[in-house]
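First chain A sits with chain B, and in the next complex the same chain sits with chain C.
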Partner chain A sequence: MSLHALETVGVGDDGHEEHAHQTVSIQYENIEQQNESYIVGMWSFLVTEVMFFGALFLLYSLYRVLYFNAYLEAHQFLDVKWGTLNTMVLLVSSWSMVMAVYSGQKGRRKAVLVFLGITQICAAAFMGVKSIEYSKKFGEGLFPDARFNYAKALTMHHEESKASGNVHEPPSPRHVMAFKALEEAEKAPEVTLAAPTAMATLAGAPDKNQIKEAVPSAAWGTFEHEQNKARIFFSIYFTMTGLHGVHVLIGMLLMGALMYFYGSKHHCVEDYIPLELIGLYWHFVDIVWIFLFPLMYLIS
Partner chain B sequence: MAHVNPNPKPVPPQQETTKHPSAWVYHFTFGFLMIMLGVTVALYYLDLDRKTGITGVNLIVALLVAVSKATAVVLFFMNVKNGTRLTWLWAALGFIWALLMGGIFMDYESRAWVYHDGWQR
Partner chain C sequence: MSVSTVDRAISQKEKVRENYLNVAHTVESWLLTTDHKRIAMMYLISISFFFVLGGIFAGLVRLELTSPNGKLLSSETYNKVFSAHGIIMVFLFLVPVIPASIGNFMLPIMIGARDLAFPRLNLLSWYLYMIGGGMILASILFGGVDTGWTFYTPYSSIYANGNVALCLVGVFIAGFSSITTGLNFIVTVHKMRAPGMTWFRMPLFIWALYATSVIIMLGTPVVAITLLLVVIERTLGFGIFSPELGGDPVLFQHMFWFYSHPAVYIMMLPALGVINEIIAANCKKRIFGYEFVAFSSIAIAVFGFIVWGHHMFATSQSMYASMVFSVISFLVAVPSAIKVFNWITTMYKGSVELTSHMLFALGFIGLFTIGGLTGLYLSSIATDLHLTATYFVVAHFHYVMVGGALLGFMSGLHFWWPKMTGKMYNEFWGQLTAILMFVGFNMTFFPQFIAGWLGMPRRYHFYAQEYQVWHVASSLGASVLGIAFILPAIYLTHSLIAGKQASANPWNAVGLEWTIPSPPTTFNFPENDLPVVTWEAYEYYKEQHGHGHSDELEVGAFEWRESEEASV
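And then the complex of A and B:
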């Protein structure tokens, strides 16, 4: 007899419906104690996750206080419509996950598979929207690496906003001026650049001073200062949403494993607790996004 | 060495004491979350800061809405409402810790910035 087969108890309190059966392991007195141990264990893990994301939220808040205007300007590159859609998708996934857990508690295997499938589709949709957003940011030069090009992004965004008649917050004149000055400098024959763009050179290459001299605008120094504040915003944005995305991917893997086990009627999912624990993890991922959405997308 | 009884006595069936709410609670919670999402986005476009003339109103209201959403998820979707006292303690612990981290702000407020040579100058 295995350690996990000493005692089997039925769960549920109405006595009419089919319920999942749980097995009490030898080290526990009863099913109540066993379930509590599992759930508290999962919550302990989630507390470490709160610490992890909490530090990042602290970082976000600190720089938001210090560089509020830069945050206000930089956030307009994040599309509220995509953010809202992603929040809706995650909320639907949270509902379908809790319904999967509910079905698991009732012992309805097929319903578990259906609801886990819905959750998986929502998670994939979330990642799809995120990839669209990320690729747009890469294209605009907003990824905070050596190719970070804030002036170009501001000008492009302003032109797009003008064309669509949706000018939320236009870029400041000094940004547009700096970008135009940079374009002129790139065209000037006396400036030889090693890097493909002048902005890439400015981001840390040795020709930085040469470019500075060539740019015929006093606004450049100020712009560079502002650009670095926006770089901080995008560094935090990519770090936080990226780590959140990694959590979504891990959740998808875990749900995939659960679907496999439920599909193959594996004995490890006779007890619904693995499903409930992964459900707790998924709801935590949802909670992180609930805070990320207004803090990143809805700055005013 | 622990003694294992080869013929354990049959144990009477036990009722699980952790209650699980009916599916309607989950549907209502989901509806509440969707309404709150609509409220968050509507408030952003309304721009309360500009309307009231008080800076930060928008952020405070947006965070209050986010906290109410997170509370609904924790209480109902994560079933802490029907959880044991120990589960309550652990659930609260994470958020107390997050609040304590806010205390780090005091350090930034109470000390002068130390500038180093670099881009910030």
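And then the complex of A and C:
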């Protein structure tokens, strides 16, 4: 065993000679040990990230089993076009990150800057698309806080598809139920809304309570029951994509710092390890999206 | 000329040797330090602060329960007091106590490294702990939290008054402090072991810390996201755990206990590891069945992740799931028993020295055994349904956590105190404290087993007259226990001021930490000269072995890489 130990030391010392220009922190014996520690550390961190998102995927799966129809219906509010675009954008960013790391290993500083720049642009584009999607959801009343307004979203969606002549998608049973509830509201004598049709009013009504007052209690009860399931879908959607978005933003900050260091020829980027670590992180962020996209946008 | 050299030699001898404590004295040198030993000491101080705080809340609870009618506190305040006790003790004391203080200090030294792999991350961990602890403290000061430490939904997410969100964010941040510590330990154990320090030459304390770190890394993120969801639910009104919105509150319990049951082992495993060191050092024997003890730590870590359902026998959990969880919970007893049997076998025919840390360790074994065996009552479904949410459960987990983790910590603290501070404490008071703590602990918590068995529910403010006798008995015991905690605060502090200088190896123990001076220098081992380990752990049977004899070693007689130097 002691022989083995000495061998290790011998190898380490050789390595030390070889990479003498790189800074080795005092706690490490040589640069190999330092680099390996960084890599093991990053992978361990990614394990915690997997558990972090894993808990959310568990939530997603459980409620998907329980409320599959609600998922099926609610997911149509997510725009597959935007989702696909974002997937493409992130795949490109993954490619450019790989190229950046490769260039870093080859010591091509300018190429690293270019590829990191492409990755940054992709990340920014992703966040841009995400913000368009989010603001649309907010406008439709699909943000799942207390003002969650599924009736409004359903109505808007229905009218949009009517206006665009896009009728190949028949209304789902819950769609029908919501409309029934709203129609009953229209017919109900106690409706005191000023607008010509309750449906139009409801579409613009910001306050759920206004609708609640307008609709007979039994029909409303059934509808609210269904609406709550959709609210859970959107709770999970916003939590998961939101946390993913936070990770993208952190990635952008890290890449920004890295670009600054490469730009100013800082000594901390003399070897490619920082780039490699942030690359690993970025690929993890991409992989999370690769799971999120089909699970959220492509339910069937 | 000869006189002057003698003078110089004397003056050099009298000059205080530089160590990690006296190397710098400024406040920045502490707050911005990356030395694992200084961070460990900062952790020790801050954890002790929170322990005192949690202890005060415990005292309030015990005082209140002497009367069945709740004369001292209002019911709401009582809820806040026991919640504060639980939250502080679990998240700010028990989880970090051994890994972040003793572990942080000893892990690099025991495996022959100059520091942890990521010293700055280690410092960040302390700051996260302080920020998280500060937020929890603020939530208590600004009105308190009355959810209990378990934060069950929908009470915590919708109905509870008080600063639940602030408190949860505090727990979330404190969770990241343990994740960073765990990550650091894993990388350090994997990559920083001294030449020749193979996995099976590591002290068992390191195995335990490694297993703990694995649990931390896998469990803590889950509870972090779960508590974050409760915060989101509470502040924004998302409906993931809210039954009103079709959410499943039992799902919260599943996700909470997926962490919080393994968290019990985050608290226990380091203590179990400490006890190995103490027993080996005080019996001057190798731990019997080293490999079994090492793997039992890993087994506990693995089993710990698949038993969380035994906290939910009385919920909507399916009966078949409960049966599986029950069986696996019984299985946890196997690796735990392996440890206890191996310790007893180690002590058998050993020359057992009844030092203070050994007395703590013996107390630990007794209390851990009682705590573990009563755990079997609770893992069998039929008795658990009777005992769910009674004082039996309270007594059980206090036996495991206080009797186990806390006594393990006290034992380790007394064992390594000379190494950490360079001072010897008064052995008599140490022994007295160990005995007093054992007695006081049993007086406090054994009556709770009986009260619980008779049906006293936990967390109740008012209770039936018939239970009063048990509560009074328990409160009496708590005052004895309280004295047993005040004593070390006095004699350990006293040792810092007036204690005898500790030698490098006051207990005549083996292990790398005893080969370096007490207190150690900043980078533990001389520059560019890590020890080469050529011996097994706990090699007490080779008396003539160099590394066991400290007094020579203090001069600098390490086992250096002489052969390597020769080859160069």
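Note that the second predicted complex is superposed on the first by the 215 of 300 C-alpha atoms of A that agree within 3 Å, B and C clash if a C-alpha of one lies under 4 Å from a C-alpha of the other, contacts with A are read in each partner's own complex, and residues count from 1 in each chain.
Throughout what follows, a residue touches a chain if its C-beta (ideal position, glycine included) is under 8 Å from a C-beta of that chain, and two chains touch if they have at least 3 such contacts.
The structure presented is a predicted model; accordingly, all values stated were derived computationally and were not measured.
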Please indicate which partner A:M156 is in contact with in the superposed arrangement: first for chain B, second for chain C, both, or neither. neither
Between chain B and chain C, whom does A:E36 touch in the aligned arrangement: first, second, both, or neither? both
For A:V47 in the superposed arrangement: first (chain B), second (chain C), both or neither? both
Looking at the overlay, does A:L298 come into contact with chain B only (first), chain C only (second), both, or neither? first
Taking the superposition as given, does A:N228 touch the first partner, chain B, the second, chain C, both, or neither? both
On the A-aligned overlay, A:A111 touches which partner chain: chain B = first, chain C = second, or both, or neither? neither
Of the partners chain B and chain C, which touch A:L91 in the superposed model: first, second, both, neither? first
Per the contact definition in the header, classify A:L56: touching chain B only (first), chain C only (second), both, or neither. second
Report, in rising order, the residues of chain A that make contact with chain B in one complex and with chain C in the other. 6, 9-10, 36, 40, 44, 47, 49, 51, 54-55, 58, 62, 225, 228
Can you list the chain A residues touching chain C in their complex? 1-2, 4-6, 8-10, 25-29, 33, 36-37, 40-41, 44-45, 47-49, 51-56, 58-59, 62, 66-67, 144-146, 225, 228-229, 231-232, 235-236, 238-239, 243
Which of the residues in chain B come into contact with chain A in the complex? 8, 11, 13-20, 23, 26-27, 29-30, 33-34, 37, 40-41, 43-44, 47, 49-50, 58-59, 62-63, 65-66, 69-70, 73-74, 76-78, 83-84, 86-87, 90-91, 93-95, 97-98, 101-102, 104-105, 108, 119-120
Could you pull out which chain A residues touch chain B in their complex? 6-7, 9-13, 22, 30-32, 35-36, 39-40, 43-44, 46-47, 49-51, 54-55, 57-58, 61-62, 80, 84, 87-88, 91-92, 94-95, 97-99, 102, 105, 224-225, 228, 279-280, 283-284, 286-287, 290-291, 293-294, 298-300
Over in the complex, which chain C residues touch chain A? Could you list them? 108, 113-119, 179, 183-184, 186-188, 190-192, 195-196, 198, 201, 217-222, 224-226, 229, 232, 236-240, 244-248, 251, 255, 258, 523, 527, 530, 532-534, 561, 563-564
